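Structures incoming, each one as structure tokens.
Two complexes are shown next, each including chain A; its partner changes from chain B in the first to chain C in the second.
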Partner chain A sequence: MAVYIDINRCIGCRSCEVACQRVHGGHGHINVHYVGDYAAVPVLCHHCQEAGCTMVCFSGALHKEGEVTAFDVEKCTGCGLCALACPFGVVWTDKLAHKCDLCQGREEGPACMATCPANALSDDFELAARRARERSARAVALGGRR
Partner chain B sequence: MIRVDARVCLGCMSCSNVCPSQNITRSEDSGRRTVHWKRCKEECDLCVELCPAKALSLVPWDENIPEPEISFDLVACRICGSPYATLPMLQRIESTLPAEMQKDASGLEWIRICPVCRRDVEAEGTVRQMVLARSRK
Partner chain C sequence: MTKVLVPTVCPYCGAGCGFYIAVEKEKASGIEYMPDHPVSQGALCAKGNAALEILCHPERLVSPLKRRGEGWVRISWPEAMDLVARGLSQAKKKHGPRSLAFLSSSKCSNEDNYLMQKLARLLGSPHIDNCARLCHSPSVVGLNRTLGAAGMTNPIPDIASSRCIFIIGSNLAENHPVISRWIHRAKDQGATVIVADPRATPTSWMADIFLQLEPGTDVALLNGMAHVIIKEGLINRDYIDRSTRGFEALAEAVKEATAERTAEITGVAAEDIVHAARAYAKSPASSILYSMGITQHSTGTDNVQAVSNLALICGQLGRPGTGVMPLRGQNNVQGACDMGALAEFYPGYKKAADPKTIQYFSAAWSVHDLPLGPGLTATEMIEAAAAGTIKAMYIMGEDPANSDPCSENVRQALESLDFLVVQDIFMTATAQLADVVLPGAVWAEKEGSFTNTERRVQWSHKAIEPPGVARSDGEIICDVARSMGLQFDYPHAASVLDEINRTVPQYAGITRERLDAGSIAWPCPNADHPGTPILHCSGFNLADGRASIVPVAFRPAAEAASSDYPLILTTGRVAVHHNAGSMTRRSPSLISREPDLYVEMNREDAAALDVQDGDEVKITTIRGETAAIARLGDRVKKGVVFMPFHFPGTNILTTETTDREARIPEFKVCACNISRRD
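Moving on to the complex of A and B:
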């Protein structure tokens, strides 16, 4: 499971950042980046299948639990290698590493998803895929290139 | 006392973070990180155990040995130029990750780019896909 982003819907309000920080005691794991003045993209952990952060973590704090890239805070030394091994720049360290835990322990699921007023975030891969397919189909129907 | 093998120390933040008596200090200014190991009489070996490079070892107390200190020039991000990591840390990443992971689809060597710029690159890449999809109309 991961949180999928539909940037066609993102309005750049940064509500997800606030929600994430609220759940994680001020240490947020999602960053909204603006591209020019026409688009906003929330960037967060992809829970990569082959995760660089888990490969460089020498203490085993970052590890794969099924599809989730999980983090065991008890084992973390805050060395900072994981932050440098993440291609998306979404793991960061101060005295400990901080990364998306999909709001583990929060019954309602990830807070960013629940907060997003534009429904741009979802953990439903099928929904994300269906929206993308619909958009392509519409583009074709409107006479676009195939 | 702690002995440091300067040839293998990565200049990471592990030992200074885990030391319960704060005997290992780390300071950063103008693109340089300095790690200083104070003389320590503790029996504890947390820093030795938790060193990713196995650069530390405990040696008997000796007043004549100077306190170890190592300085690292921080590597500047190839995009924004801000110093963000020590060279040995980046080399460790480069030797650990499989080669095919070290460049993105456009051939960008992302390891030499700071995390903030990596997010910008990711955002721009995603937006490019969206713009392409819309321009097909």
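Moving on to the complex of A and C:
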């Protein structure tokens, strides 16, 4: 499982950033980036199947647990290789590594997903595509939007 | 360790999102979302997520203070009450009750506002107002006149069933973020979204049709759309005949407002105007959402009436998915107005100038000599203070020294008062000017009802105690009243709501007990009434049950670009800040995301001035100057610049010119000049 983004819906309000920081003691793992004046994209851990961060982590702190790219803080040496290896720039280090833990222990699931005012984040990989298909099906059937 | 979840209503915008405060050992330990909330469904924006940061903020006011020289000394509550009673009484005795003015707060509960206006009026002063004056007073005037009720006509979730959503003068994606989920839901069902705004914003990202009009040309645009709708026969003739009056006059008034003519004035392509007009008129259910971009103009009331006209000629009212929706900016602007914290209305929108109103409240409050209004509005109070006719003011939860236009004049006016008492949670710019400062409580530290932008009344519970010896605002007002010799026996907020149930007909059935089971939308005339989520389903609360179509002519904004001031400055909000910023600028996770005052400029304008992205620039208007960081882009058109008003610098620049009826200042248009600072 990971958190997926419907880019059509993101309004760049940064709620996910503040929520993530709030539930992780001030260390946020999601970042909203503005693309020109036309779009905003929240960037966060993809929980890659073959995760670069786990491959370079010699201490075994970053590792795969099923689909999740998990992090064992006890084993982290703070070397920073993971931050270099992550192609999305979403693993970062100060003294230790920080990354999305999908709000482990939070019964209701990831805070960013719950708090997103625009319903742009979900754990359903298919959702954005399904919404797009439904919109186009409707447009075809009704002869366009307008 | 036991953890209790206390349900509260978010203290920021008017959407009225709910969340729980987790309380452990009498401390607020966190926020839990509220998935079953009818509006927010568990979502919260950045400000909501950061709300707890102001609870134990080190700068909170924790004790009453009195001025001594340049500094402050802590005093006890009895001494504070003594000083306040003396200050207000002296002015009253020397200059009469009309030398007193009161500013109530759209951040405070219905009960607090009810008490504040009652205090003002029992002391004999008609001068009570709240900062709705600076945001939605044209909606109160305009919508009362055209539709007979000043409120959002349909609930927020209802937007999902709209088939065409016309957003004009509102950047709701940043200012009321949760509303965007309902808009997206409508879009999923095939709805067309039209956005009219001088700026491209995250709201216009949602648009199918984006009308980037020149600031201050809203009436022209709306009249132009009405022209197209009438010309193409897209009006709802049945509805016009059955439910309105005044259509013929409008048809005559917009005869010349062709799409081409409108295009010249507004800068919007004629075909887009036609396109938008058709989409709005043809859809089976269209709604109009508007906000400060409509109201904060010298033509604010006209703008609101032009919005109403459009809805009325198309019959887009009184059904699910339709409506006219003024989006309120603060958690209780709607409630503060409902409670009569307004110069021209007693509670329940009973006209202050009507002797019957005075009779009604004299009986209800068992008093005589209630002042006949209208009193001075918030902006007029400041002028009167400067002119010396207002001698003493009691300001609760408002920061006019920051939030009013031309703030240097405001500062001088407040300094010239004989006595100023400010009740707030932080030492705001206004509190700095006071003789006595009283420490109030934030939403989580008191209980009470709040009315969100949809007229939905919700009860917010007390989670924790206020810091130091700070007290709930209702308690403080009652104490001030008693120290002035008035009978104010309200042991708790519920007892005030009890009186509201008896005196405000719209709230008659919204009792404390019922609010435990959930929210209720006013009007709710009795305890068995379910409330009224959608207004105007069967006629209007005006003569013959008909709405009024009131033609309005386009008038340009008060200030136009000139050779000395060649750029048009418009102001607004950003997602991570709120209003004058006294809360959000103190909230670490918000201020860190938007730390500086900036001015958004078009790249072409910037290039001509040799300004690069990130440069510090000086913005000058005829009233003053301020510094800001230049932010370049294509969000604003050439000739237009934008500044957020959350920082003290912005309102040094804005104009004091007001709407002639609603007295709202024209925050959205003024002429300015920009230069590099070096």
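Please note the rule applied: the second predicted complex is superposed on the first by the 130 of 146 C-alpha atoms of A that agree within 3 Å, B and C clash if a C-alpha of one lies under 4 Å from a C-alpha of the other, contacts with A are read in each partner's own complex, and residues count from 1 in each chain.
The rule is short, and it goes like this: contacts are C-beta pairs under 8 Å (C-beta built on N, C-alpha and C of every residue); 3 or more make two chains touch, one makes a residue touch a chain.
As the structure is a computational prediction, the values presented were derived from the model and not from experiment.
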- prompt: Is this a clash or a fit when chain B and chain C both end up on chain A?
  reply: fit
Task: Write the angle, vertex at the C-alpha centre of chain A, between the C-alpha centres of chain B and chain C, to the nearest 10 degrees.
output: 120
Task: Identify the partner contact of A:P87: answer first if only chain B is touched, second if only chain C is, both if each is, neither if none is.
output: first
- prompt: Between chain B (first) and chain C (second), which, if any, makes contact with A:G12: first, second, both or neither?
  reply: second
Message: Under the stated touch criterion, which partner chain does A:A39 make contact with: chain B (first), chain C (second), both, or neither?
response: both
- prompt: Touching A:L142 in the superposition: chain B (first), chain C (second), both, neither?
  reply: both
Message: For A:G109, using the defined touch cut-off, is the partner it touches chain B, chain C, both, or neither? Pick first, second, both or neither.
response: neither
Query: When the two structures are overlaid on chain A, which partner does A:G60 contact: first (chain B), second (chain C), both, or neither?
result: neither
Statement: Smallest inter-chain Cα gap (chain B/chain C, superposed on A) in whole Å equals 11
- line: Dual-contact residues of chain A (chain B, chain C) 8, 38-39, 135, 139, 142, 145
Chain A residues touching chain C - in the complex, by the definition given at the top: 8-9, 11-15, 17-19, 21-23, 36-40, 108, 111, 114-119, 131, 134-135, 138-139, 142, 145-146
- request: Would you pull the chain A residues touching chain B in the complex into a rising list?
  value: 5, 7-8, 31, 33-35, 38-39, 41, 43, 50, 52, 55-56, 58-59, 77-81, 83-93, 95-96, 135-136, 139, 142-145
- prompt: What residues on chain B touch chain A, complex-wise?
  reply: 10, 12-14, 17-18, 50, 52, 85, 89-90, 92-93, 96-98, 101, 104, 110-111, 114-120, 122-124, 126-127, 130-131, 133-134, 136-137
- request: Write out the stretch or stretches of chain C touching chain A in their complex.
  value: 30-31, 33, 35, 40, 42-46, 48-50, 173-174, 177-181, 184-185, 187-190, 192, 200, 202-203, 205-206, 208, 275, 278-279, 575-576, 589-590, 593, 633-635
